[in-house]
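All chains are identified by letter, namely A, B, C and D, in their written order; residue positions are counted from 1 within each chain.
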């Protein structure tokens, strides 16, 4: 829908506008109102280049899009009936819980094995373990490929699938070679389209699941869903959308919690939403409340950091990891709330 | 704690700084570090004028406050043991539910009477009814003092206390004369200190309860608590803090939901937190989720818009009012979640 | 423009929608597209109640407004040719500079007289002097009506008009009785519609100018312009729009500078824009840059805090007041830039 | 500076805290105040892991850092005297202007050659030309490696250095092999630490300059500077910091303009600041004002999109590219303002 700055376009302007949309296979339909004429675009309005061309005309105020920009991620696409399975859970049928350490300590693998066993006992479906770790400060420990073996050993010992973040194509190849069944894209790479394409290509034809974290800003949700479209366009539709807090932070938290976008995402896309309360609030004492709030908003899953001895953890664990007993209570309450919401 | 821009102050600078804090009855204590000396303020650091004076010195980088600015609202004040009662509920012992119309329609009082009866039946403790109404557009209906009689008649018929927003001293006097037991300060007046002082003075020595909505911006929480301090400083401590969403809105909601500040408020103040999910999301279908999220975050109460026939309501009711049956389910689930969180 | 959730409305839905808009004197015009039918509202779409009613229908996704909500403030209104004059300046013909103290110190009136003389000498057109002062902390000095005499004495001595903030109807009456020619509405009262109406009524039929500060949040600009419409609707069109920074602050400033909204305001309204760089950044050393940026964005005026001895000022002056010599350089550069921009 | 939640730590708590900081080579120094004891960290407080460990203790309220986290980027580092040269300009001595197309059209190379000649004539020092292009929509044209030859041909014809964005290691290798002297990291990759490290390693020992765009969120500035530290830590200090607008957008712009962070960056780091007004506002008619505002705030350079025939451009050019004549006026005025600011 094209809104001109003037009440009516001149014949010349209308002809120019028609020519632009015609280049993209569309037609223009004027809608004559009492005080103003506006113009509908008949055809596929999704090409950004066409929108840019139209908005570049000096007599055009703006273009309001009325069509979803997402071919595959849209909730009305054929993929809407696809069900994603991981860790024995079919998303949408039971609350998925991913839990484990922020960062595996390669010098202390037992912490990870004990944590993996404890979070399984607490009710987790997938074990989280950070192998590589983005860090604001370049001189801080950034993870170690050796932890990949520890991660996979944790998988063998518990019999549960594991999840690890990949930050580049080298990580991606190593993780897939090792057999990691769930890959995570971190918030800082949420719009790294080269990585998203590489992942999409690499997981096509596999059962791998991708947990895509939301970027750090409070901008439009379509951008988040389009990032998933990058991956899915290669053929593997197993993408989980993961709100994890935005920046700037709420005065007292690590980030600005954003579980409240869950219903808005679900209006636009069929993809399951798995919320990360740990990074949203950034402090263990606040995490259970945030986890329940996510379920209240309709989240299909949770991704929670936990550690058998948080104070001895590396990475974010000393601040934000739950002990396994707090995790267990949180999972129990979250599943009760989930059941209550389902009726 | 004063952080200078330089590693160490010169004797002259230190003397000047000492003189400034001495004017406000404080002393300076240097803390000699390895690379830098910083200066503690010994005494009452709460006077903004002293902070401004210090931060105005060109060799001072910033002042980090380590003392709560709130004498009465601070959770360590003597008021922390005060319990607020309204509508048969002692705050903190049971989830308080305020429900009713956004705006009373003075031409159709029966809608309000029917709504009042229905929300009571659904489990509400206090009846909400807008008499006067702030409106972005000056030409839109702004409420009518005649609705005050309708509001009080609703109170008589249901036997429940009622809540109405006051926007100025005229409203305040009329509402108190009519016997309105709960006054609401709207988001647009959240920092209207003249009104806050007038309310504080007027409710001193009464049992009146004040529901103070949070302002529209995402700024520091101390500002919100300080607004309550304005009221409480006159002697009546019955203030409820009400997050109701901030601006700019999340892409799809009326505002940016902010129930997640509840635990942060509770770290700073003893005051109960009553969340308004209706304005936070601005659309009836999203309200129940937001209400439950508020309880998940530890809210002591909810303020929900409801109407027996939303489509026939005026004000915001057509968009955001729950029907009484949806309200009932929401209250039931909210109280179950409240009990789960406590138990 | 009404966008339904479904490709086409049923006959029943279309009839219901028609009935709603008919209640507000409008008609519905379907626009049949290739994949979807949308509906134009023919008539005056500005009534919020109608929009609320339509958006409350469960088959409606959203309403996109295509009409300006502002009858008088719109740049296409008849008022667009009105020119506001103050302090010898016709807005739009020369850069207006308002300068002076944040808060007059009633115990040291000479500071104000000296500052008034100095800012006049530096090139200011209007003298600013705070009589009453909103303060986050209720126990901080809030101004004193006695300063009103000092303010007016400053006006007499310099021969320049003066500007003072009013926070309630008592201030308004006192200020007008004293003959204050420019009234300021502070950011915290920017959406205090009772005060805006009281001011509008009080200045109708006078030459008084109102400097309306923008509220503290980053929300929609129409809300800011609508606040001005409240005042102007009573008959006096002398309103200046004043961006002054929003909250949350940029990491290092007092607020988030917002002079960049100037061109956006000018696309919507004819009202002059006078930027306050002092509150935007909150520190004297940053103010000149922010002032020039405002002129770069097309501001019609500046409102700058200045004091002959900032360190001895009360209120915000120790941090953010410019000394008269820095003010003079800033005004000179700002006027040079203004001239360069005009060509 | 460690602020506990309690007025004084118990002996046990103090011992635990001492042990934690000792693990990182630091010591604890108590600062006994009138109402509260706080604890200074003596030693290098920059390790995030130590901060996380401390903040994870349940009796700790928060840690206020008093040390810059940046070894090399800090304005007090030895690098502060380094001068970056590009396109015949020594940064800080003359306003650097980078200008050219958002995206080179590989089917119409002449547009680029004509644009390159025209922006040189208008006064630009470096030619911008997008070879690869991040796009929200995966189905939109994403650039083409063939354009690299066109870019370098433009360099040869004009004799000016060229600038192109690289999104991954493949682009990086191709661009360096082709001899591109200025590499750009886009906003979406601003925190892609793998890419930053790869670039840092690849440009070490070369004269290559890296233009690092700010990420899309409004979060802390240290994060932006730390991203530059990633690159510089490999040995090449030629990094330019580029604010380009944040998200969510101001109501009417493409982004939220952020040139106002320039003075704040300069308080923390020695690195030059080059502002991109084109992406900040996203519409050609607003770009000149934003460019001047950047210079007002002290920017060392500008990065502006320009095209000889914007309407025929691909990418963002139809909306935001300046024509060469408007570019010329903008550069002229920007350099005049720059000179005025320098005195």
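The criterion applied here is as follows: contacts are C-beta pairs under 8 Å (C-beta built on N, C-alpha and C of every residue); 3 or more make two chains touch, one makes a residue touch a chain.
Since the model is a prediction, treat every value here as computed from it, not as a measurement.
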Contact-richer chain pair (by C-beta pairs counted) among B-D and A-D: A-D
Rotation in the CA alignment of chain B with chain C, degrees, nearest 5: 180
Separation of chain A from chain D, taking each centre as the mean of its C-alpha atoms, in whole Å: 25
Distance from the mean Cα position of chain D to that of chain C, given in whole angstrom: 33
CA centroid of chain B to CA centroid of chain D, Å: 39
Contacts with 2+ other chains: residues of chain C: 218-220, 248, 251, 285
Chain C-facing residues of chain A, complex: 1, 3, 29, 31, 33-36, 38, 40, 42-43, 64, 66-67, 248, 251
In the complex with chain A, residue positions of chain D that touch it: 46-49, 52-53, 55-58, 69, 71, 134-142, 167-171, 188-189, 191-195, 197, 215-220, 222-223, 226, 229-230, 233, 246-249, 283-285, 310-311, 314-320
Sites on chain C touched by chain D in the complex: 218-221, 248, 250-253, 256-257, 259-264, 267, 281, 285-286, 289-290, 292-298, 333, 336-337, 340-341
